[in-house]
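In what follows, chain A forms one complex with chain B and a second complex with chain C.
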Partner chain A sequence: MATNLVRLLESSLRSNNAGVAQRTLRVFSSQQQQSEHSVEDDEEFRVLNLRTVKQQARRRVIKKEVVPPPRTTHMPVDQDWTAVWSGPRSFHPASVPLPLRQGYTERGAAAPSKYANAELMKIPNFLHLTPPAIRQQCEAIKKFCTPWPKGLESEATWKAVFPVEVVTTDYCHSLPTIRHPEARRVTITLKLSDLKFDAHAKDKFLRLVGDRYNQETGVLTFVADRCPTRKQNYDYALYLLTACYHESFITEPWEASKSEADMEVYLFERNKAKLSAEAILNWNATGEKQAPSATYADSVEKLINEGENEYNIAKYKEEVLKMLKIAN
Partner chain B sequence: MNFLKKVTTQMLPMAEAHLSLGNNSALHTSAVCCRVQSGRYRITVKRDRPLTYEMANPPHFIGHRKSWNSWNTSTLKDALRPSQTAIEDVFIRKFITGTWHALVCSEIIIKRQHNMIRIAAIIRQAINARKMYFLIGYTEELLSYWMQCPVTLEFQTVADKKDVVFKYI
Partner chain C sequence: MLQVLKSLRLTQPTRFASSLSSTATNIPSGSADVSAVDSGEPDKLYSKLEIELRGIDPAVLKSYTWFATTAAEHLGIELGKCWSPRKAHHERMTLLKSVHIYKKHRVQYEIRTHFRYMNFHKLTGSTLDTFLEYIERNLPEGVALQAAKTELQQLPAHLQQPPEQV
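Up next, the complex of A and B:
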């Protein structure tokens, strides 16, 4: 409607004189400009868009954040490295001012640099354990240390004072649990010579401990792992040692009935050899009886306990000749 | 066992018939297939497949040219929780590649010390620092809740994906 009205006005104005037309046109000028576009759109032919050229949407420009340069560029030469790298940490190229390279390349090519190098991040590093760091930590824990006790300077002295050795194992593993079933095992070792025995007690003790005693080294070993915790196992091992020791000093009534077949070693004192030797020595003798000499008894015991070897037989012969007073 | 008896009585004559027919074809053999493909990449025609250093070295070079991605004591002799540790590592890898979506440029390295888990990777600088800090905190918090132990992320960032490319094949 509005456009038609304007056209009508224009045509009527053209017929009128120019001065009036100009004035009226000025009045309508603002409206006319607005209406011009719609007239053109309406009347212009649309272009057949056969190829369907898509109007490209303007790509959004990704604004990149400004990344500061690596920290190594600002590091002073005399910085405190322990403050930079205080604990175990994966390698980071921007924090380590070293020109490191790692990786295998074909011959002639340089190894990959430290930037974006996953191999350097994989391997465990010891950058937190530099000598100054260790020194610092030692200084820090020094106040918790106590001086070494006096009189225990050499290994021989402290072994004499503390004859019992306790061996336990702690397991450090990379798991959320700190328990390990093997950590409860307690091993107690001591030398048999550190315990005081009489002949009967020693014999009984060795029978009680069985294969816990090593004949070659003379070391007694108690291993306890039957209880769930280490403390209980330690207590149990000490209890075993104590109980065996005190039990060995008790002489049961049935021990008197030990026959010759039960003896573990040949003893001259309780055997026929002693009686025979006494009979020979005291042949037709009246008054004080003679006893066979200790060296003779020793030689007989050795001959039977250790077996017949050249030395033992020669020794026995010598002793017999001496006892019978036969000149060689 | 009754049904077995029935089956055997029915089947036995058939089996015998089979045997009598073709004695020579009773056992089939074929060549041993020694093909190994995992962790190895094919050369493309245009030679434009980007490989990181990790991908460029096939698995038999582990311990020689490249090292392990999981560091823990579970695989030692008589060590505890080997299977649980492996499953947890797989879960951590999946979680991180999903959380840091399209940002992880390298393998995810999981190092365990005592009850501590340290996770290292190379990340693209595609998101701003604020989002990155949020994701670090989010990942650490959730993983430490699930694993019931402290988790630390030790990421290195690169400006572009091409920074980690070792070669093109």
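Up next, the complex of A and C:
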């Protein structure tokens, strides 16, 4: 029984093996056919890749651009430089045919050359403003200019016609804003002698303007910067001048009540000295009254206003002797 | 006087707004047609134009001054005094070197500002506008410009005579 079983097994195994062999043969033949196909279709046989093998990345070949030789080598000697460097631009070594060197090195070594030199690129250059370029541009814009009028050559001549000076300021800077708080400021200056006054108005005007008047130079200065725009400030300064000027001609009722104690200067007309002099001159006189002379009045005013100095006392003495007709 | 005033009534050329850019170096004189518009109002007069430059690099200021004075010479503008103070203005900040303590050890930062001044005299309004715009357009980076203009004006009519009634 057992031997039979073993035989059966063996036979079955053989038959199995034969089957396998047959199959493999078939597989081979089909593979051959497929390979013939693949050559025709140009397709690769995809191999089952159980272990993931890293595909080698292809190295990229870096292409180097062909650097042309610097432009300076082709430049003719008599070229138009304004066409080469027409506007503001940072330094470029290949465009500037100058053997420039700039920068710090160790002692004894030459300064770095212009190629790849940051020092030359940092500083703003004026290569677009060469003398011929300036001349060309100035000739182009000269038609917008007008000459200074004849007859106003010196300051004295233009001061006679244009006594008022208006100072304004413009700013040009590289800030995020184009506004500048000082640009609104307007300063108007003129001489006090350019305005016409009588004695009362002049006194009142000087009181009104206060320290806008410079005693030493005789110049009035109005500065306006409280309004937001320049035009408004200019109008305000002129308004201030006009208002002060016109106000100074107004005589208020209370101004008449100014007593002798309020006076800043001694006036002969308003004082006892005049009455005394008149009394002496018209002693026992009838008819026309005699008035003290203007020179006497002047000497008295000077004596009191300027103080008693040698000259004023001598002058006063002379005037008194003359008035009283005393021969010395 | 009247003659002077009459001669002041010049034709005021239009301000050259955008015709001149710094890149366009040579404007053909034929194509740029200046339409001389007589606006009827007399040109302004400026007795002085004072320009203050401030920047961090004295060499740039010097080059710019040379450019501006040369341009003024070409345009026929009278040049006044041009000068600069010998020393720069130093603005210093002294800080602690460390974040928190060690007060004996400090670090100092400073900003140096160099100044330069130029004066131009006797410009008409159109000349001043032209010249100022030209030099402002060519102002290098990192330089600030301040232009103080002194305009000449007549005394207003209402101030020439004392008021008749007040």
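Here, the second predicted complex is superposed on the first by the 262 of 328 C-alpha atoms of A that agree within 3 Å, B and C clash if a C-alpha of one lies under 4 Å from a C-alpha of the other, contacts with A are read in each partner's own complex, and residues count from 1 in each chain.
Please note the rule applied: a residue touches a chain if its C-beta (ideal position, glycine included) is under 8 Å from a C-beta of that chain, and two chains touch if they have at least 3 such contacts.
Since we're looking at a predicted model, the values are computed, not measured.
> Would you sort A:I141 into first (chain B), second (chain C), both or neither based on which partner it touches?
Only chain C; A:I141 stays clear of chain B.
> Is A:A116 contacted by the first partner chain B, the second partner chain C, both or neither?
first
> For A:R101, select first, second, both or neither according to whether it touches chain B, chain C, the two together, or no partner.
Neither: A:R101 stays clear of chain B and chain C.
> Is the number of chain A residues in contact higher for chain B or for chain C?
C
> Between chain B and chain C, whom does A:F249 touch in the aligned arrangement: first, second, both, or neither?
It touches chain C, and chain B stays clear.
> What is the contact status of A:S174 with respect to chain B (first) and chain C (second): first, second, both, or neither?
Touch partners of A:S174: chain B and chain C.
> For A:H92, decide between first (touching chain B), second (touching chain C), both and neither.
first
> Go through the superposed model and pick first if A:P124 touches only chain B, second if only chain C, both, or neither.
Both chain B and chain C are touched by A:P124.
> State whether A:K191 touches chain B only (first), chain C only (second), both chains, or neither.
Neither: A:K191 stays clear of chain B and chain C.
> Across the two complexes, find the residues of chain A that touch chain B and also touch chain C.
Common interface on chain A, chain B vs chain C: 88, 123-124, 172-174.
> Could you list, by residue number, the parts of chain A that touch chain B in their complex?
64-65, 67, 88-90, 92-94, 103-104, 112, 115-119, 121-124, 172-178, 180, 182
> For chain B, which residues are in contact with chain A within the complex?
Per the touch definition, chain B meets chain A at residues 52-54, 57, 61, 64-69, 71-74, 76, 78-81, 85, 105-107, 109, 111-115, 118, 120, 122, 125, 128-129, 147-149, 154, 156-159, 163-164, 166.
> Going by the contact rule at the top, pick out the chain A residues touching chain C in the complex.
Result: residues 82-83, 86-88, 123-124, 126, 128-129, 131, 133-152, 155, 158, 160-174, 190, 194-198, 201, 238, 241-242, 245-246, 249-250 of chain A touch chain C.
> Across the complex, what residues on chain C touch chain A?
Its residues touching chain A are 1, 3-5, 7-8, 10, 13, 15-16, 20-27, 29, 32, 34, 43, 45, 47, 57, 59-60, 63-64, 67, 70-71, 74-76, 78, 122-124, 126-127, 129-132, 134, 136, 138-142, 144-156, 158-163, 166.
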